[in-house]
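Here you go, one structure.
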Amino acid sequence: MEREKINRTDKKICIPGLRLSKANKDVISGPGTYELQGYIYANLSGILKREEDQKTKITVVSVESLRTPSLLPKTGDIVTAKEDIKSTDKDRIEPYKCFRPGDIILARVLPMTDAHWCLLSTAENELGVVTATAEGSPDGVNMVPVSWSEMQCPKTLVKEPRKVARIIPERLNKKTDDNAEKK
Amino acid sequence: MPIDYRRFNGPEDSVSYKQYTKNFLKSYEELCNELIDENEHRKDGRALDEARTMYARTNMISQAKGSSYVELKKTKVVCSVFDPREIPNKNEFSPLGQIYCEVKFAPFSCPRKRRALVPDAEEKDLSLSLKKALEPAVCRYAFPNYQIDVFVYILEHDGACLAGAINAAGLALANAAVPMYDTITACSIAVIEDKLYVDPTEEEEYVANMTPAKEGINHGIITVAMLSTLEQVAGFTQLGSMDGTCVINATEILQKECQNIVPIIHQILVKDVIHNIDLSEKLEKEAKLREAALNENMEEWKKLLSAD
Amino acid sequence: MMAGNVSIRLASERVNPSVYSGAVLPRFYTPGEVISGMKDYMRGHGTYAEDDCLKASVAGVMQKVNKLICIRPLKNRYVGEIGDVVVGRVLEVQQRRWKIDTNSRLDSVLQLSSVNLPGGELRRRSVEDEQMMRQLLQEGDLISAEVQNVFSDGSLSLHTRSLKYGKLKQGILLKVFPSLIKRRKNHFHNLPCGISVIIGNNGYIWISPNVQDVTVQEQKDEIANSDLQPVNQTDRETMARIRNCIAALVTSKMMLDDTSITYAYEESLKYESVKSLLDPEAMLDVAFLTQHRIKEMTQE
Amino acid sequence: MAEIYKLIHPVKYFNDYLTREVRPDGRKFNEQRNIKLNVKSLKCVEASAVVKCGNTTVVCGIHLKLAAPKPEEPDRGFLVTNVEVPALCSHKYKPGPPSDSAQVTNFLVSDIIANSKCINLKDLCIVPEKLTWVIHCDVVCLDNDGSLVDACIMGIMASFKTLELPKVLYDIETGHIEVDDAARTPLQVHGLPIASSFAIYKLGDRNILLTDPSSYEEDMCGGVGENFIVSSNKDLLSGTHKYGGNKLDTEELERALTIAKERAYCLENVIETCITNSEPTNNE
Amino acid sequence: MANLLLSPLEKMYILHGVRDDCRSDGRTNIDYRPMELETDVVSHASGSARLRLANTDILVGVKTEIDLPNNDQPGYGKLEFFVDCSANATPEFEGRGGEQLANSISNMMQKAYQSSDAFDLKQLCIFEGKQCWKLYIDILILECGGNLCDAVSLAVKAALYNTRLPSVKTALLDGGNVDLQLSDDPYDNKLLNVDLAPLLVTLCKIGDKFVVDPSAEEENCSVISLIVGATGNKTNYNIDNKKNESCTDSKCTTIVMNGSGSLAPKTLKNAIKQGIEAVQFLDQALGQALLRERRENVTMKKYSYGFLK
């Protein structure tokens, strides 16, 4: 079954349906793969990855697609989302003081509950609104956080309440990088 | 037919000029004899069991998440796949994602008539067959409550449209990084006068659907879609009239033909990955350049922050 | 494939499934029919007053309690009463409760608090329990339960706080008219043929292999495993036979309880193959013989 | 990284480029994209053309039919142009009946073709009051990456230029029709209409005219699709259409017209060359 | 029926039952449930039939109309199927709810009847190139209890068997028009030849095995089924009841995979064979019933039993 693997700068290329390995206690199927009758197969086209956990000695076989895969967020991922009040928790106290439509937020994906829709949480210091535009300000002018609950527009100096993500600007780079992978 | 106000319609009673040409109404025997010469060679020089060489590529449509183009000589098929979207008008939870397929013929795709722009019965049937064939190939558990749109456009119809559509859709889905259990390939066969025509042209399909001169002669069309590694039949449609042995013989041939297409599909997918590797390397370089520009902004931001 | 059994009969060969019960047929009222003058009587369910008369609003038979007149419809959705045993299916998992289909007009409710949670009765119900609800009962699961309360709109609240109630395992569900179910003290029956039947008051009948006596908690893993074990061939055939017998009784509109089902089962044994009981003539025969035995018994 | 930046700060991202006098895809403001044209690539139609302007791809095919002319215009034939923008060409379109913007494109293209008077409908008439040609010209968009109208017009014109009508014999007494498929005469095409699209972006107090905008640029400039379309037929202006985007002053309008004129020369050249190049293969 | 809910353990019970060849109602995997058939139930239709298969109830009416033949098929008549999923069957069918199912069934029937081996459209020709009969076959689904396709195909064949076309005399007039004269005598009519009309058999894969005539519950346990349409047999409709041994082989007119699963090639081929065999049994049973009814009706006037039980 090695027929489609081409060594190109030591990257192993996989395509859907390619049998990658036997599946057992030590070798398990990771993202981009699935298990069927004792074998692990690829379900994306991309590059093969084998990662061994130092402690448990379990190898995770996964396939990394070079395209942003059409996958939905998984539990535990941190996602950037364009704010839409409806999709988040409606019962939140005064949601208007935390987020407004058009804001970009960082949130953690909660486990799927009975309602079956994707629940996001910003109940961590580092999660919350990343960028937002104040009401009446021109497009493209973003507010700057002034405290954990307020942001200010540099142009119009309007202050608006927000649940601000605790990110020091230097780290924004790294953070968004994470998202690029996980989104 | 209700009038379509969204488009321009020609005069209602227009007819194709071809009706008045000499060769319009040929008898079954005439058409049948034309298909094949005494050496059992078909009109385009192929042997009966010879499929057309398939040309295919991915990344055909820039605006789509994944796309492909498949060409079997004159048959030309374009397919595009978009990001999953929420299933419209549905409230209940569906644990498996849905695939929405739409097969459409271009108005100028068929030699015999101009295709209407509103979907007709044949297009709906093809869409359904395509959907059924793709369902076992796609890991639908990966996108619960969502729907993936697969659009197939047939630019030119010269037979084996369903097979072409399935091959194109398989490529486009893989190209769009939609998780799939296996690569899917498909092939058609036409049965005329008990003879099996692999990968038929439009003319051959037309004759295969005609009433044969003698009663009880096998005729019709079979299309099979296969998952190659798992060795499963993902889609099967038969039409016409054939006895059991004929169906089973044809199925066996199609199974092999589907397998023959697999290397072509694999090659394209591997090329696609290589292309993506190159692209991501290039993008990485560009991104580094941009980062410099971005960092300037950061400085600005930091200044503002500290000023506050 | 060998020769399959295909039988097509004509409408002219149709069997009249009704069996003569010997009892006096009650008067049958149709909607709009005058029952009596208003003066002396009180208006009950299935009736309405018009032009100084009491009229039937449903098709059915009259029931008279003192001065109260009701018309009981022949075909009806289940109207629950407190204490009824029902078999129901989980339709939806909601916040702290399940929505259950019990063949009533409105969906019934099973509160999380009306369920025995794993690990003993006295546990406090926590937020975790709410998130685990789907593990307890998910959409499609069947349960047996008792009607705990009837709300003012007629919808029911159920409870399963007894060991005999709860999730149902492998078996066959049969849906019949609730009016054919005879009210009994006990609706859980272990039939002599080794099959247990739950005759829900709501017309849902559950046929399953005989439940082993309540097992001790420690053997839980084994129980979970035994749920997945295939039912053995004899039990399976007997269950199919009971199913077909109940279907035969229902076709002939006979009342269902453990006696009639047992009789029907015994009478059906003269047909060796279970599937021949799908034949309308055999069905009528079984129903007729059952009726006969019930009559004999009541005469004694 | 750049993608994320583009997503989070869309306006800033676009502005950053334009202030440096360059478009996000590396083009100059008045630079058009590469054009590829191919005629006679479809075998089952009378005439066809495939046009690619950058990523934007359209296919045009012509079907011929016969019908009786309208009683009020007994000596005129029919020219029916339709632009189909199926859901597969962009995520902006959903399956089902054509969206509003698709209809607008359809009407616009038909208008430009009709206004340019490149086809004299009288040429299509075979026998007045009895029989006339119906030209069904269908354009399908496979990939909509902006400036769709330009590509459609180009596809239609390239197809017209290669269209030949079969010879028809009509017996007035019996109404019998006979068509000779082999004897064909080319369709008379008057001039060569060309459309040029622009997007207009307001950067600070400056108006920027973007020639041959991509889909992304069209979106950034507001409105649906192109903002400004100039159509001309051989040096003669045959129409301008302005949709959304920023307003345009006279000076800029003149600049746009000059660019469109230059561009028309260039495109005419492309079409003519492509057709002459395809001739020998046709005569084999 | 998509809305039918089953618990995982109920499904398992059904699955094991199929594995052991003993289904919930005691049938083996190849048994059909008893059916009841009546033809000529709709007096205003040219032909009609009602078929009840357990809880599945199908009513078919055939209407005839005179039409122009298609340009490229001057000597042929036309056949059109229309399925209506009545909201009586299940509330899901209300509005446009049953549309998809209805379309797929009518599509399948159209395909099954497409070949000339299945139904000879020449018998619907009145005057070549000018006039032909068009049969509208309206299929009404009154109740769903599983296995719709098989039941529909049986009812359609019975209704066509029952269809009578009035005799028409034709004469060619000047100017190419045709003069039609319909016979006044209601008994002056002709029957259609539908001996070869195809039947559909659904083979429903549950676990590793196929079953025929699945109940609604069984259909719910299956992810893939194969529908085989094959032609009937002339000898089954031979009124003299002579056993003609040279029985022609059934021919497949349409085969479709239904559902979201896939099949191993070997399984598929076996299933096709099984399907053809099953069609032969079904056709035999249908032929016997139809002949019996026709014989009965020769001796006495047809009494309509209808829907009353």
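Going in written order, the chains are labelled A, B, C, D and E, and every chain counts its residues from 1.
The rule is short, and it goes like this: a residue touches a chain if its C-beta (ideal position, glycine included) is under 8 Å from a C-beta of that chain, and two chains touch if they have at least 3 such contacts.
Please read these numbers as outputs of a predicted model, since none were measured by experiment.
Common neighbours of chain B and chain E (chains touching each): not present. Steps from chain B to chain C, taking the shortest chain of touch contacts, total 2. Ranked by how close its mean Cα position lies to the mean of all protein Cα atoms, the top chain is B.
With centres defined by CA atoms alone, the chain at the far end from chain D is C.
Between chain D and chain E the centroid-to-centroid distance comes to 51 Å (mean Cα coordinates, whole Å).
Taking each chain's centre as the mean of its C-alpha atoms, chain A lies 42 Å from chain D.
With centres taken as mean Cα positions, chain E sits 35 Å from chain C. Separating the CA-averaged centres of chain C and chain D is a span of 70 Å. Of all residues in chain A, none touches 2 or more other chains.
Multi-chain contact residues of chain D (touching two or more other chains) are listed as 1, 12. Shown for chain E are the residues that touch two or more other chains, namely 273.
Partner chain B is touched in their complex by these residues of chain A: 3-4, 6, 8, 11, 13-19, 32, 34, 36, 41, 43-47, 65-72, 116-117, 144-146, 152, 154, 169-170, 172-173.
Residues of chain B touching chain E in their complex: 19, 25, 96, 121, 124-125, 128, 132, 135-136, 140, 209, 211-212, 215-216, 218-220, 222, 226-227, 230-244, 247-248, 251-252, 255.
Put simply, chain C touches chain E in their complex at residues 1-12, 14, 17, 89, 91, 139-142, 168-173, 227-228, 230-231, 233, 236-237, 239-241, 243-244, 247, 273-275, 277-280. Every residue of chain E that touches chain B in the complex is listed here, in rising order: 71-72, 76, 103-104, 107, 111, 114-118, 121, 224, 226, 231, 248-265, 268-269, 272-273, 276.
Residue ranges on chain B touching chain A, taken from their complex, read 65-66, 83-84, 93, 139, 142-146, 148, 174-183, 227-230, 266, 269-270, 272-274, 276-277, 279-280, 291, 294, 298, 301-302, 304-305, 308.
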